[in-house]
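Below are structures written as structure tokens.
Shared chain: chain A. Partners: chain B in the first complex, chain C in the second.
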Partner chain A sequence: MKDFIKVENVSFRYDSNDTVNKYVLNDISLNINKGEFVALLGHNGCGKSTMAKLLNAMLLPEKGKVFVNGLDTSEPDVSYDVRKTVGLVLQNPDNQLVASIVEEDVAFGPENLGIEPDEIRRRVDEALKAVDMYEYRAHAPYKLSGGQKQRVAIAGIIAMQPQCLVLDEPTAMLDPKGRDEVMATIKKLNREKGITIVLITHYMDEAVQADRVVVMDSGKILTQGSPREVFSEVELLKRHRLDVPQATELMYRLVGMGFPAESLPLDEDECIDRLSKILK
Partner chain B sequence: MNVIETENLSFVYGQGTPFEKTANDRLNIQIKEGEFVGIIGHTGSGKSTLVQMLNGLIKPTSGTIRLEGTDIWQSPKEIRKIRFKVGLVFQYPEYQLFEETVEKDIAYGPRNMGLSEGDIRERVISAARFSGLRSELLSKSPFDLSGGEKRRAAIAGVIAMDPDVLILDEPTAGLDPAGRDVLLAQISQYHKERKNTVLLVSHSMEDIAKTADRILVMNRGRAEMLEDTRTVFSRGEELEKMGLRVPQITKIMSGLQKRGFDVPSGILTVEQAAGVLAAYRGRSV
Partner chain C sequence: MLKDVTLGQFLPGVSPIHRLDPRAKILFLIALIVFIFITSNYISLALVAAFIVALVFMTRIPVKMYLKSMKMILFIVLFTGIINLFYGRGEPLVKIGFLQITEAGINNAVFVAVRIAVLILASSMLTFTTSPTDLTDALERLLKPLTVFHIKVHEIAMMMTIALRFVPTLLEETDKIMSAQKARGADMESGNLIKRIKALIPVLIPLFVSAFRRAEELATAMECRCYQGGSGRTRMKRLHFGKADLYGLAACLLVLCGVIICNIFLPATVR
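For the complex of A and B:
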């Protein structure tokens, strides 16, 4: 489905009486299709997290509209349905876990939706299996690793069966293995369950795994496209204090030093293949 | 000379309870004066426990820590002095700001050391400079600063005590790439100018590769390696088994090596790699 989420000419500031500070989001428009995996990039303060909160009606636009599955988020009484459709996962897993046992934590959302106990049991099991944490269902969350906690937090959202997951820097506090685990989970949910993903991240190696990369700057969209299109604009990204993956940057520099120019590689395997051919 | 030396250093949480957990298991490590050491390890590997022991915040269950040759727990009443010598910047230190102004917050440590007002003022200004905090921010409330500025103010508060050893626990977590690079450059610059010892705990292998002379690898409470940065990152397969990674650039170069190209291992930055590959191509054509 096209235009599953539609952000139309949205402007937003946290204090509407504040005439000094500029808008956090400035007449921004963005469409997200159903089943799409979108990565949202940009430096701190560019408005990414504000955008995330607008997508599930935690914040409402000052100007413009946000539509989720056809619902205008600024209409009264729709926030409940919007939040059932779009689940939000935050940076710090410790702030998102509420219960003392993993499966109880995952059940918290569906319980609040007033779902039948049998159905809750089914959803909790299914959600924990989807994030590969089923065998930990009777564990205490505080004893889990960061990556495991974050996957439990994701399961808690999945159990409410949202059609879209918005994740705001879900790997920022995790060790390398935890990051890999969470990324694998996100991709699996997207591929196998068709859940639409909006991933906010500072890690370029995570962004290259998305279908589309949207780069924000000063409350507007700077550029967007497939990871290959976006990361080929090395100069533009650097000018806006953003990074490219090391594999891309290496080839970009080498092309500048006279290596044959082709499209730039996005990950290490592609980079190794490309270099092997050139150096042979 | 070794500034820090540990001997069979262990820490056990909840000793004698069913929740007993050995966080540090007989660590024998030596840190030389003036070196920059990166500390890496999976979540729960014992990094934070170790740095809290080095700063005298928690007492070893067994074993000793020597700072400049002296056991830091020799006279427990003097342990506060150790905290002035070994400065520890916690994770997300911006949550610890509490004073009315940034200047007062940075001055808190030096004031507790009993320095004169003049010395305190000098320390505050130089610490603000080292952590890249603009001087006009000093009179502001710390709560009016941006996230990145708050973190700099918190780091300045520890630098102002002029510690012989500065320990930073994940100082770049949550910063964007540009903020990360600037902060790391500032820490490196501080290390170069002050010539003191810096320990940097990080989950970002790229950050460690850019800054550290040597790396301490922690795994399940044990010190698995303590060697120079290139050596550690040329042992990528062992690191993977411990839940760690090598920087992408290091992986690309070792991938080329595996395919039979004669390039050096343990390459740490994109600049180095580009130089090596350009020279390699120059040789073969």
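For the complex of A and C:
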């Protein structure tokens, strides 16, 4: 389905009486298709977290409109349905878990939706299996690692069976191992369950794994396209003080020094491939 | 340093006591407390104490854990025991200055000490064998009738659940902040009481700030998960009184009969 989420000319600022500060989001438009994996990149303060909250009606646009599955988020009484469709996972896993037992925390969302106990049980088990945390279902969250906690938080959202998952820097507080675990989980959910993913991140290596990368800068969309398209615009990204993946950076510099290369690589394997061709 | 608090800790297990309905467990605890306080002679006191000790063994939790939680209130037991020692009336057995120890005093002291000790034993048994969520859940369901009086039972239970959930998180945070302040040269271990309390201020302020920030984020997360208060909410766990709960009830009634019979037919040692 096209235009599953539609952001139309949205402007937003946190204090509408504030005439000094600029808008956090400035006349921004974005479409997200069903089943897509979109990465939203940008600096701190570029408005990407605000964008996340606009997508599930935690915030409402000042100008413009956000449609989720055809529902206008600014209409009264739709926030419940919007949040059922678009689940939001936040940065700090510690502050998202409500109960002191993993499975009871995952059950929190479905319980709020008023679902029958047997069905909740089924959904909780399914969600925990989907994030590979089933064997930890009776554990206390504070005894888990950061990556495990974040996966429990994701399970808590997918137990509500949303069609879209928005993750606001879910790996920012995790160690490399936890980051890999969470990324693997996100990709699995996208691939196997067809859940639409909007991943907000400032790790380029994570953005590379998406179908589409949207780069934001000071409340606007700077550029968007497939990871390969976006990261080949190295000059543009550098001008806005944004990084490119390390492999791309290396090759970019080598090309600048006169080495021949047909296109810039996105990850280490591709980079090795190109380098070995040059060295032959 | 804050890790060895045993009171109120949950120790998962599969004993018959663990498997009782949490609502039944709360009611049994209340019943046991009542029993302990209506006993009026040594036989009935021993009966109740023996019953509770038997239950303690049934939980299959190391006795060491119970002793640990007793250790924390040992001072209170001794203190109230000793105070009571001097409060008996009648013929003094020993006289030290204006203090006198009588037979009634000794009886009082023993009763008070045993009652408090058994009380702690019984309540640690409840918290050891019941998960905090089960406990708050059971309380919510038991207190449900109070909603008639506009008491916000669900909200209170929710607050308890969240408070219990954040106890370890905030303890960990306190430890971290204390280390951070110590690394900057804060001295928290020396000086008199006032000085030490003052030294805690740089720990408490960041702790409070972060607790408020956490609360705000948690509220956002709960809203994201469609939390709208207690109405229209269902629960995953179904509670039901089973056979085991009936056996428990029968045992409690038996003990109650025993206590009443002892109280009636044997002379009372304390009033």
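Note that the second predicted complex is superposed on the first by the 280 of 280 C-alpha atoms of A that agree within 3 Å, B and C clash if a C-alpha of one lies under 4 Å from a C-alpha of the other, contacts with A are read in each partner's own complex, and residues count from 1 in each chain.
Just so it is clear, a residue touches a chain if its C-beta (ideal position, glycine included) is under 8 Å from a C-beta of that chain, and two chains touch if they have at least 3 such contacts.
From a predicted model like this one, the values you see are computed outputs, not experimental measurements.
Once the two complexes are overlaid on the shared chain, A:Phe108 sits against chain C while remaining clear of chain B. Once the two complexes are overlaid on the shared chain, A:Tyr142 sits against chain C while remaining clear of chain B. In the superposed model, A:Gly70 makes contact with neither chain B nor chain C.
In the superposition on chain A, contact is made by A:Ala247 with chain B only, not with chain C.
Once the two complexes are laid over each other on the shared chain, residue contacts for A:Met173 go to chain B alone; chain C is not touched.
Comparing the two complexes, no residue of chain A contacts chain B in one case and chain C in the other.
On the side of chain A, the complex with chain C involves touching residues 56, 58, 80, 83-84, 87-88, 90, 92, 94-101, 103-104, 107-117, 120-121, 124, 138, 140-142, 153, 156-157, 160. By the touch criterion given at the top, residues 42-45, 91, 145-147, 169, 172-178, 202, 204-205, 241-243, 245-247, 249-250, 253-254, 257-259, 267-269, 271-272, 275-276, 278-279 of chain A touch chain B in their complex.
Of all residues in chain C, only 12, 131-133, 161-162, 164-165, 168-169, 172, 214, 217-218, 220-228, 232-238 touch chain A in the complex they form. Residues 41-44, 146-148, 173-180, 203, 205-206, 243-245, 247-249, 251-252, 255-256, 259, 261, 270-271, 273-274, 277-278, 280-281, 284 of chain B touch chain A in their complex.
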